[in-house]
Structures are given as C-alpha cells and as structure tokens.
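This structure is in structure tokens; I'll ask about it shortly.
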Amino acid sequence: PSPLTGIVAADGIEFRRGLELAAEEINTIGGILGRPIQLEFVDTESKGDDVVSQAAQRLVDRNNASALITGYNLETGTVLPEISADAGVICMHAQTQVTHEEVIKSDPDRYWGSFMIDPPETFYADGLLEFIKELETKGKFDRPNDKLAIITGPGNYSVNIADTLNEKAKEYGFEVSLFETVKVPISEWGPTLSKLRADPPAVIAMTHYFPQDQAQFMLQFMDDPTDSLVYMQYGASLAAFRDVAGDASEGVLYATVIGALQDEIGIAFREAYAAKFGADASPNSGGQTYQALYMYAIAASLAGGVGAAYEEEQNRKVAERLRGLIFRGPMGTYRCVQETQSAYAYPAQTNDPSLGMPHIFSQIQSKAEDGKLVAPWPYIVADFQLPNWMKS
Amino acid sequence: MSLDTTPLLQIEQAKAGYAGSVVLHGINLDINASEVVALIGPNGHGKTTLLRLLSGLIPLISGKITFAGKPIEATDTSERVRAGLVHVPQGDQLFPEMSVEENLLMGAYLCDDPAETHNRLEEVYTLFPKLKDRRTQYCNGLSGGERRMVGIGRGLMANGRLIMLDEPSLGLAPLIIEQIYQALNELTKSGRTFLVVEENPVRISEIAQKISLVQGGKVHWSGTREALQSSPELSQVYFGGH
Amino acid sequence: MILSKALSRDLLISVGFVAALALVPIVFPERYFVGQIITFLIWSMVASQWNLLMGHAGVFSLAQMAFFAIGAYTTAMASRHLDLSIWMSLPLAVLVAMVSALIVGAACLRLHGAYVALLTFAIAEVIHVLIITDTYCYTREGGGCLQFFGGATGFSRISDFGFRPFLKGDWILGNYYVVLLAFAFVTLVTMFVMHGRLGLAFRAIRDNLGYASSRGISRFYTQMTVFAISAALTGLAGWAYAGHFRFAGPSLFDFSTLILVLSMVIVGGLGSIWGPYIGAATILIGLEWLKEFGDAKNIGLGLILVLVVLFAPNGLAALFARLFKHIRPGKNNTPKSRT
Amino acid sequence: MDIFLQVMVTGLTLGALYALAATGLALVWGTLGMFNMAHGIFMTVGAYGAFVAVDMFGFPRPFAFVFGLAAGGIIGAATYLFVARFMIGRRNFETNIIVATAGIAILAQDIILKIFGAYPFSQPVVIDGKFSIGDVIVPTQRVLILVGAALLLLGVNILLTRTKLGRAIRATAMSIDAARLMGVRTSRTYLQVIVIAGVLAGAAGIMVSSLSTLSPQMGGNPMLMAFVVCVVAGLGHIGGTGLAAIGLGILEATIQYFLGVQYGFPVMLLLVILFLIWRPNGLFGKQLVVRL
Amino acid sequence: MSFLICTSATATFGSLVAVDHIDLIIERHSVVGIGGPNGAGKTTFLDLISGLVPLREGGIELDGVVLDGMPAHKRARLGVARTFQLNAGFDSMTVYENVLTAVVFGNQTASRRKPLWSRADHHRTCAYLEEFGLTEKTDVEVSRLAALDRKKLMVVTALASDPKVLLLDEPVGGLTPTEIDEFADLIIRLKEQGHTIVFIEHVMSFLTKVADRAVIMHHGSLIFDGVPSEIAHNETVAEVYLGSAAAQMRGDLS
C-alpha cells in the first residue's frame, strides 16, 4: 500500500522500486526457503486513512498478503497496524512517526506484527541542535547571533519536528525569531524571505519536506542570502532538489533518520539502484522498502516460512524473529526497540553505530552529487564546509 | 412571375419530427422566386417544424429538399444560410447577453463589407425606430414586441434569397405589423422571396401570392388567395367569421 | 395525503433493495468485500443527497463533500475531545452539518449557477486549508501533537460502533448493518422528499425561478429546506463513515474525492431517482475491476467517465430505463393514473 | 518601502500566474459555458511539451516555448474532436462536460505520470538574469511573466470584443442554433476557442513551471485558483479576469506577509466569499435578467 | 368597488422609466384590456402588480391589502395570478405536475407544511385538466407542447390558485382566428364566473370583444382609458399604435 499517484507519488514510486529490486535479488538466490517473493501493489493515492485501510485490506483479502511493506503514506500512521492486527499479518513501514510507538504501546498483544523500521521523527529536533552544537565546539561554525527561524509545512511529521525544535531551542541558547507555517505546495517564498531578511537568523530550519518547494526556497533565498546556516528536512536528500535548485543547492544541510549511506554497502546499493531504474531514481526513498524486504525475508526464513493472511500463528513467529533481528543494510543498522517496535536511533539512543539506525547529516557540496555525509561518525565521508554565502 | 420555371425551393415527400414522434408526414411544397408564400393552419400541426426542417435545425427522415437547384438535405444549417436560406425562428432565439445592435450585426455575419453592413443596419433602424432607441440594451431585457423586431431585423440583415419568417406579427402592435408587411412587399420587388407562417387572415390576403394550409403534418391545400377566398368552406374553417 | 403511484413503486423498490443488501454479507462474508459494500452505501448516501440538491433543486453546490466532512469531523472531534461515544455524537453530527448548510444556503441565496458553484467550493476550501495549515497543538499525546481540528493528518482511532468486543473478528458485520440502517433511512426520506410537495417545488424552481415564484413557491424557504435536508442526511453519512473507518481527515476535502463522488451523481443521471445508486455502484465496481490491472486504474477511470457521459448523456439510470422500455414495449403508452 | 516593494513583486507574480491560468479557463467557460476540468492538465501538457522540446530534441528555448504552446493547443483540439464535439448542444451539457473533462484530466495525468514519472523536473524554458529595484531583487523571468500575461489577456480581450470572430464565439455560446442560423460554422468556432484556450494554458503551464517544477499534478492548484479568479471577475469578462487576478495576487501576498503565509489563501478566499455575497455577479458581471 | 388600486406606480431600469407614475383603479368583476405600442411598459406594469419588478415609487393595493414590498410568491398566494408573454412553464415537468404545483402552492389554504399532497389536490388538478381539455396531455412533458396548449396551461395554472385577480399577458398572440374565438369564449365564461381579469393584447378584435374597459399605454403612461369601442376613434392611439387598423376597426364597428 503506497502512494503511487498524487502529491507524494515521487516517493511512492521509489518505494515500489525498492521492493522490486529487493525481490528480484532475493528471488535469484532462492526466495524465502525456496519460495519466490511475489509482490502486489495497491495505490493509496496520497490520501488518508480510509484509502490506505481499503488498500491494505484488499492486499490481505484479495492477494492473501503475508506482509504489508511500505515507506510512508499520508495517513495518520495508525491504520496499517490496525489492518495487520486484524488480519494477523506483518506490517513494516518507515512512517517515521511517534504515533506508531503510541499505538504499539497501547496494546502490545494486539499490535505484535507492526514494525517501524526507522526511529520516530522526535529525534530530528534534538539531533539537529546537537549537530549544531558539535559544529560549534569543533570551531567549524560561529553563530552570528542567537536566532533560529523555523519554517514548517502542515503535515504532522513536519509539525512535530518544528514544535520540538521550538521547545528545545532555548536549551541550546537559541531564540526562535520566526515560526512560519506554509500551505503546500508553495513556490512563492517572497513574504517568508522578506521576513527572514528583515531579521536574519543564525540558522534556518525548514521542516517542510517537499524537495521542489525547498529548491524554490533556495533559489529565491540565494537572490539575497542572509548570514544563516540552512537546514532542510529530508527533501534535500533527493536528486530532484539539486536538480531544480542547481547552484543554489550547494551548502545546504539536510538530515534523515533513514537514508542510503555512503559507505561500501550504501554505494553498492546506490549503483545497483541506478543501474536498474536510471540516474533520476532516488535510492534514499527506495532504500527504505528495499531494506525492509530483506529484513522480512531473513526473519521469515528463520521462522520457517511465512504465514498467509489470517494465519496468525506462523506470522507471530516471523514477528518474533523481526524483534530479535539486527540487520545492517544500505540505510544503516536496524535493531528493534522491544516495547515500541521501532528502530533504535544512533547516536541518540545508543552510542554504538552497529546497534542503531544512524541519524545522518549531509551537506550538498556539489550540485552534481548527492550531499556528502558530514555526521555521524563512522559514516562521515567529508567535512562540513561553511556555505559560500556565509560571511564568517 | 418570373419566366424561370424551376422553383427556388422544392420539397418532396418530406418526413421529419422529434425524438419519438414524427410530426411531418410527407410535405410537398414548391416556392418560386420573388413571391410571398404563406403557411397557415391550426396550432401544433407542424408549421414551425417545417421551417426548422428547411433550415436544418432538425434532420430529414425521408424525402427531398432542393434549394436553388441543389439538394440540401445533407448540408449543415450554416451552409444553407450561406446559400441564402434565412430563417427567423419562432421564439426569436436572440443572443440574450448581446446588445440589440450586436444582435443585428450578427445577422450580417456573412457580409464582409462594412459599408454594406452599415447600410443594412440603417435600413433596419428605419423600419424599427424603436430599436435605434434601445440599440445598446442587452436583449434579455427587451419587451416581447421589441424582441420580435430584433428577430426580424436580424433576419433582414442577412440579405438572403429566401427568408422564412415564423409568425412575424406575433406580439407586435398593429402599426408595426403594417409597416413590416409593407417592407416585405417592397423587398419582393427587389427579388427576395418569403415564406411566412402567419395566423392573421387580413395580412395574409394582403400580400401572399400563394397560401398553403398545413394540417396533420401535410400540405392539405395550396392555392392563390383568390382561390382560398372563393372557397367558403375553407375560409370558414380557418378564418372563422372574418 | 396520498401515496402517488410513483412513490409507492419507489418505496417498494427501496425496501426490496435494502432487504437484498441485508443478505449480502451472509452470502459473501469476505471482509474486503463487505468493506467495499459499506463504501458503496456511504458514497451512495452522499450522492443521493447531492442529486437531491443539484439534480432536483438545481443548486449547483460543491459544498456537499464539506457537509459530509463536517459530519465525520464532528463525530471524530466529539469522540476525541469530549469522549462522547459514537452513538451520542450521531445527533450532533447531523445537527452541525445541517446548521452549516443553513449558513451556506443563506449565503448562496442571491447567486446563480456557476457562482453558486464557486461560493460553495470556496467555503469548503477555506475550511480545508484552515484545517490543514493549523499547527497549534491542542493536545499532546506522548510527544505526538494533535490539533483541535486534527491538522493535516486528521483524527484516527476514534471510538467505533463498538462491535469488536462481542463480534470479534466479525465486527465488520456490525458496522455493515449500522451503515445499512442509515442507508435505508436516507433512502426512504429521500423518496418521500422527491415524490412529495418539496420535490415539486424543487423541480419547479430549477425549471423556472420567476414562474415558480408567481405560482406561490418561495425560493428562500425551498432552498433552505433542501440545503438542510440534504446536508443533514449527508452529515449522517459522514457520521457512518467516521464510525466505520474510525477516521476523519482532510482527504475528505480533496478535490479528487469531490470529483469522484460528483461523477457518481452525474454518471448515474442528474435529477433521476435511482441514478446516484447506479452511479456509485458503477464507479466503485469499475474501480475495483481496474485494480486488477494494477497500473491502469486511473487511465481506466478516466476512460469510463468520458465514455459514460458520451454514450449516456442523461445518465445510466435513463439508459437503463430506455432499455427496460424496449423489453416491455407499450407500458409507457398508457397514461398513468395517479392514485 | 522595501516591504511594500517585496509584497508588490510577490503579489504581481502571483497575480500574473493566476491571470495566465485563468484566461484560458475564462475563455471556454465564459464564452462556451463549458467548465473545462482538464484546463489544469492542458497546462501540464504545455509545460512538459516545452521540457521535452529542450531535453529530448534539444530545441533552442524560443522554439521550445512555441512547441509547448502547440502541445497545449493539440490537447485542446483533441479534447474537442474526440469528446466535447459529441456533447455540445445536448441536454445536461454543463454538468456532463465537467465529468468528461475531469475524465480526460485523470487520463492524461496518469499518462504523463507513466511516461515521465513523478520526478520533479525543472523547466528549462526560462530566462535567466535578475535586476533590482531598491533592495528588492527581481528575476527577469517574473517580469516576463507579467508582461506575457498582460499581452495575452489584452489579445484575447480584443479578439472577443472587437472582432467578428469574437462576436461569433459569444453568439455560439449563447445560442448554438441561433448562431448557426446566422451562418456561423459553430463546430469550427468551438474548435477555435478550445485550441486558443489550450495554447493559453500551454503558456501558463510553461510560466508556472518555470517558477516551480514540473509534475503530473502541477496544473491542479493553478486551475483551482483560476476558477476563483474567473468568478470574482464575473464570468466571461476576460479583461476583468486580468484585473481580478492581479488584485487577488496582491491581496494574497499582503495577507501572507502580515498574517502569516498559511493564512494567505484561506483569508483571501474568505474575502472572496464575502465579496460574492455582496456582489452576486462578480466584479464586472451584469445582473442576470430573465423575462418570462 | 375599487379592488386593485395602483397609485403613482413607477418602475425604472437604469435611466429608462418603463412605467411612469400610473394611477389606475380596477373594479371587482371587471375585465380590463391593456394595449399600447411595443415597449410601452405593459408587461412591466403587470410585473409590478405581481411583484417580479420592484416598485420604484407609488403603491399597489389589492382588496384592501397593501402589496408593496411583498415578494412575488406571497402575492401569488394572496390571489395575484398571472400568465406570461413568452409562454413560461415548468418545461421538464409534465402537464399534470405543472397544474398540481399551482394547486399545491398557489393558494392560501394549501397544506404547505405537509410532505405529500392530498387527495383533494389531485382531484382538483384532474378537474382543471378535464375542464380545459388537457386530459389527453396529462403526462406530456411541457417542453413538447404546442403553443396553444402552453397558453391554455398557463391559464389553467393561474386559475388553479384560486385567484382574486387574473393578469394575462397576450393570451391569444399567435393563435388562429378560430382559436382566438375559442379563447374569447373562455374569458367571457370566466368573467361570468365573477373573475376580475386584466389582460394585455395587441389583437384588437379580441380586446374589443371581451373587455369592458380598455386602457392604452404609451411611454409608460396612460394615453387612453375608456370603453373599447372608443379606441379606434382616439387620434393619438390611432397614430402611435393602431395605424391603418384604426380605420378598419371603425369600419368594422359601424
């Protein structure tokens, strides 16, 4: 159940591709205990719970699905666990929402089958502020003032990050000088920019995550840049951002709690992905479902095979294996937090990179390439550079 | 009477109607150039339908229609107008959100000469001075009679060879009716031909060379007005006591 | 008071239809299938009310989905903020939808045609945008932020019809019969309205406003009544929707959702009696069938919409009626007597 | 002062975009009474047309622009020839055409999605460069959009009110039978109008995408806005449409600046609602007169 | 016995004064025919009485009730019934439904609060259809009716609301002489039943035959008010309205 049409179709299509690539690879080495993986897709139209639940229900009842795997949907994040609980099947997603944890904790025995393969969005705010602090301690960044500007879109994901940032800013000595919500999609940033220019902050954090909107922001920002560090949530990690923003993309920071790494495994995956789907395809989105399917296949094999829909007993065994699994894929390491059935965050929850999903910060240093990973250790491939529009 | 023996318009065994009901059951009618032919007959027996058929607003089911020597059954309404067959419909069908003058100018849509268009416009204004007063008013506010004047005026602007008028005197003051019929008389002299649906017996006898009685979807009787008047039976039935 | 022949006939058909629907889940208990029928019931309720407003009363309103959403949101908010059970929020949902409709209806009184369409659409869109751009956290549950109107994601996991504890895995059957009951109610009320005095007034005003007023029909009264009735029943559908999906969210305001339901009305036949039901069924069956082809779903939907209006410009209901006449010729020639 | 300038620049840009998007819609709606739900997709097609011309055929930008316009015109013609033609003048035309064009929109959008994917390409047909007024920097592209919008509006306005073709178009819209009785070839008129609207939409699509990106659903929002603009202006008033669009654009920018970006659109709509209640026929529309 | 009283009634459209301070008193049970050149303001005058056009100045009173400012539908229920020049009707509804609508909504006694209509309403509707010879057309959609039937239908629907005053706008325009005679008989019958009738007509033979009083309007004002046989002898009327028809009428009358 993925958004194959509508406003976030770009991501939804990558989710499908990720699954396709993983299934192809797994099937060539024999599938799950000799049985090939068979994929079925239903479009969720970039819509809410009602459509997502019907789509998932269809996969369960009509396609006899054993597992529901997706990246994210524009739903509240509570529907897939419901459907999977009712049907006794596994559900894996990268919704990146703390709501998932709430659902699981509300009735662990009912939601035994639902897994979020990345940490919730609440880590983003702390992570960002920590990251800036570290830059400062290392002397790579000197804040010109104590102001922080936050720009968010309407989605819960963006809002939650923005809200936490807003709250925590004080602890790190920041004062929030602008908190702006925008309607999306948005291409005209004039009013927001004139407010920024009237009162330039040290850091601009944009938690609205559509790449094309972020790119327009940068284009218009660069007409008359302020002396500020620019951070963008998720969207800037996609090729489209660089493509649209061009030169204006250079210097932008972005972060994601689930993104393809730039080490040996990550690069191999990126290459395989580009080879199959072309240079425009985005491994950062596709990797989520790719990694999820691998995890599922391993867990199912260990459990002795998959259970069909409504065959709860066998699927519970698969879920048990998933809870115990530690898996290092192109996006980093997955290890399950038992009570919330979501991934451990590194460095926030563990200081061992081999035991948590890294919250990676990257900076675009050339418009021709993906951003370079600048934190955390040991995944770093380049040093943070002060963006060329900044004075100090 | 012209020497040319082939009629301007020839209708043979025409059948037509609306979805689900055939209204015309085989019409036969000839119209010669430069004459006024009047169609009379009781209400609802197909006069309007016949005119709509001739101008191509409804399709022919079977039969033949020839205009100026050419069959026209298959041609589109706008092509028939281009050939000179002009229809002033019942209910006017004005362009409601256009001014009186724009409506009249639409009548001369096919005329490419601005001077000529202007002349015709002036002629219409002389015939209907009332319209000149109201030239800038949108047609949706016009009174019933004013609408009729615009409808007729628009038809005259087209300068057609055969002009079909559906109840031209409907809703008009007696004085205006008189003027219209005078104008028609003059226009026939300049070679124009008219097919007029008319209920008013006095007017018909004044100008029509030929009168055709449409009843039950057929031409029930056709002849000169003298013949009609000399047949007490017919005139009694259709003209009542007059 | 008399039951005209047409009314008795349609009431009879309605009862038969509902009875047949009542048997469906017993014969085909698959959850997805039952869920789809529930969707059909909900959309056809909305479509039938839209048809009442647009087809019968001639008010080109695009706010119908907003009334539906208002019903659903009222239910969800009552459950989330006030902890009301879904049964308690039923009258509330209907009432709030109706009151909103009266306001919208009053605002539309002086407008005609496309202007009504815009005004109603704009009102719906204002509500939509205000809801989705609201970022102020009304409550926080474990780090998650919940806006007063649910924000961009809406409400989920609200209280449901409460069948899970005792029907267990068959809870959906409970939902089904609740929604079916609502459907039956809506259908019967609609039949009475359409074939009654109000129906006459609606059509009279649609045909010729000025003439209707000089025959004693008040536009104000009639238009307010039709807005109120259709919105109240649409609100009821919204309530059923919220109860079944345990959800109310901004996708209800989506333009694509609006077009989908509007297509059901028009494909079925604007101004007909059974059109909305036929339209809803046709489109849902079509969509379902197209899902079999995976990728082709939207292409197929587009084609279906185009082809239906091309080949059945008066709607499928009219088309079926024509076919029916061909099968039983002569029936329509005898004048109907009315008592 | 700077703020004023900034708001004006933003407002005029928004306004020009709205005007561009609205003109084609107003043309077919105001003159033919046909609410074209596919207008947004016409824009999309135009934008992708220009993109393809540069990216795949390597045309120079001016050619690519014309290519985009042609693409818009062609899908307009196709809409008429394959669909609208059979519906015009029939019962329920107004509502049926909404569904039919919505169908076309869904169909075409999905085809674009299938061909190009959902990847947000950037529009190659743009003019680079910028200049500054005071402290406000104005990209040349925006001026181009403003000027382009003004020219197109003016052109269409003159076409409709001053030319014979314009009168024929309006006549056809008001009464198709009567127009044919005047000798107007109505089906050709319809075709002409829809093709013009398609070309306008193509231009709008290229401009809109030059300020954001290409995507299969890019036409959706501008079309909704166009819908609002048309009605505020009063249906069928092309000149008024331009003024209304600019006015709304500036209004929205002002609200965005002073109340916050999120309120720009809804507060503007709210004002539109109040305005319509006050003036039921829009800014330039005349009161509907029906005599019985 | 003044019944319908118009004092200084005025209607304007922009700068055009369509009805210009008309004072007119119409007695109960009288039949008044209105004539006048096209665009004189006759229809607008009836619109003023029936409430479709707002009064700019003056007042209108019917049977002691002040009508000014009252919406059209209320006046209809009070007993102002009218027909229209352009043959208005509910086009997509059947003849039966058209009459039923008038019966159900048109008069004060109508059971407006009930959801369905009563058996009595049905019977009244059928009786009207029968009386005016429309029974055969009961189930015909009005858009398919021919002109004569539409005219009849309008009169029937007007009568169906139990009117106090019947306003007819060109009732016989476009009818054949025999049909006009038929209609004249109908109006005379209504007159005998005690109806008060005001009608507009350009067909002078009809006007002189059925009216007991003739009023001629010109440019929004009255230029003649008297017995119908006198019209043709009034010079202004002959000049602006009748033309050579005046002479003919005089001939006919002598």
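Some observations on this one:
First chain written, first letter: the chains are A, B, C, D and E, and each begins at residue 1.
FYI, a contact is a pair of C-beta atoms (placed from the backbone, for glycine too) under 8 Å apart; a residue touches a chain by one contact, two chains touch by 3 or more.
Predicted model, so just to flag it, every value in this text is computed and none were measured.
Taken together, subunit B and subunit D share the touching chains E. Between D-E and A-D, more contacting C-beta pairs join the chains of A-D. If you average the CA atoms of subunit A and of subunit C, the two centres end up 38 Å from each other.
Our note on geometry: subunit A versus subunit B, Cα centroid distance of 76 Å, whole angstroms. If you average the Cα atoms of subunit B and of subunit C, the two centres end up 50 Å apart.
Annotation: 31 Å between the Cα-based centres of subunit C and subunit D.
Contacts with at least two other chains are made by residues 110, 113, 262, 265, 290-292 of subunit D. Residue positions 5-6, 154, 181-183 of subunit A each touch two or more of the other chains. Shown for subunit C are the residues that touch two or more other chains, namely 129, 133, 135, 208, 210-211, 214, 298. By the contact rule set out at the top, the touching chain pairs are A-C, A-D, B-D, B-E, C-D, C-E, D-E.
Residue ranges on subunit D touching subunit B, taken from their complex, read 164, 167-168, 170-171, 174-175, 177-186, 236, 286, 289-291. Residue ranges of subunit C in contact with subunit E, taken from their complex: 1-4, 7, 192-193, 195-198, 200-201, 203-204, 206-208, 210-219, 271, 335-336, 338-339. Remark: subunit C residues 54, 107, 110-112, 114-115, 118-119, 121-123, 125-126, 129-130, 133, 135, 208-211, 214, 255, 259, 262-263, 266-267, 270, 295, 298-299, 301-306, 308-310, 313-315 touch subunit D in the complex. Residue ranges on subunit D touching subunit A, taken from their complex, read 2-3, 6-7, 9-10, 13-14, 110, 113, 117-122, 130, 135, 137, 139, 211-213, 215-217, 221, 253, 256-257, 260-262, 264-265.
On subunit D, the positions that touch subunit E within their shared complex are 291-292.
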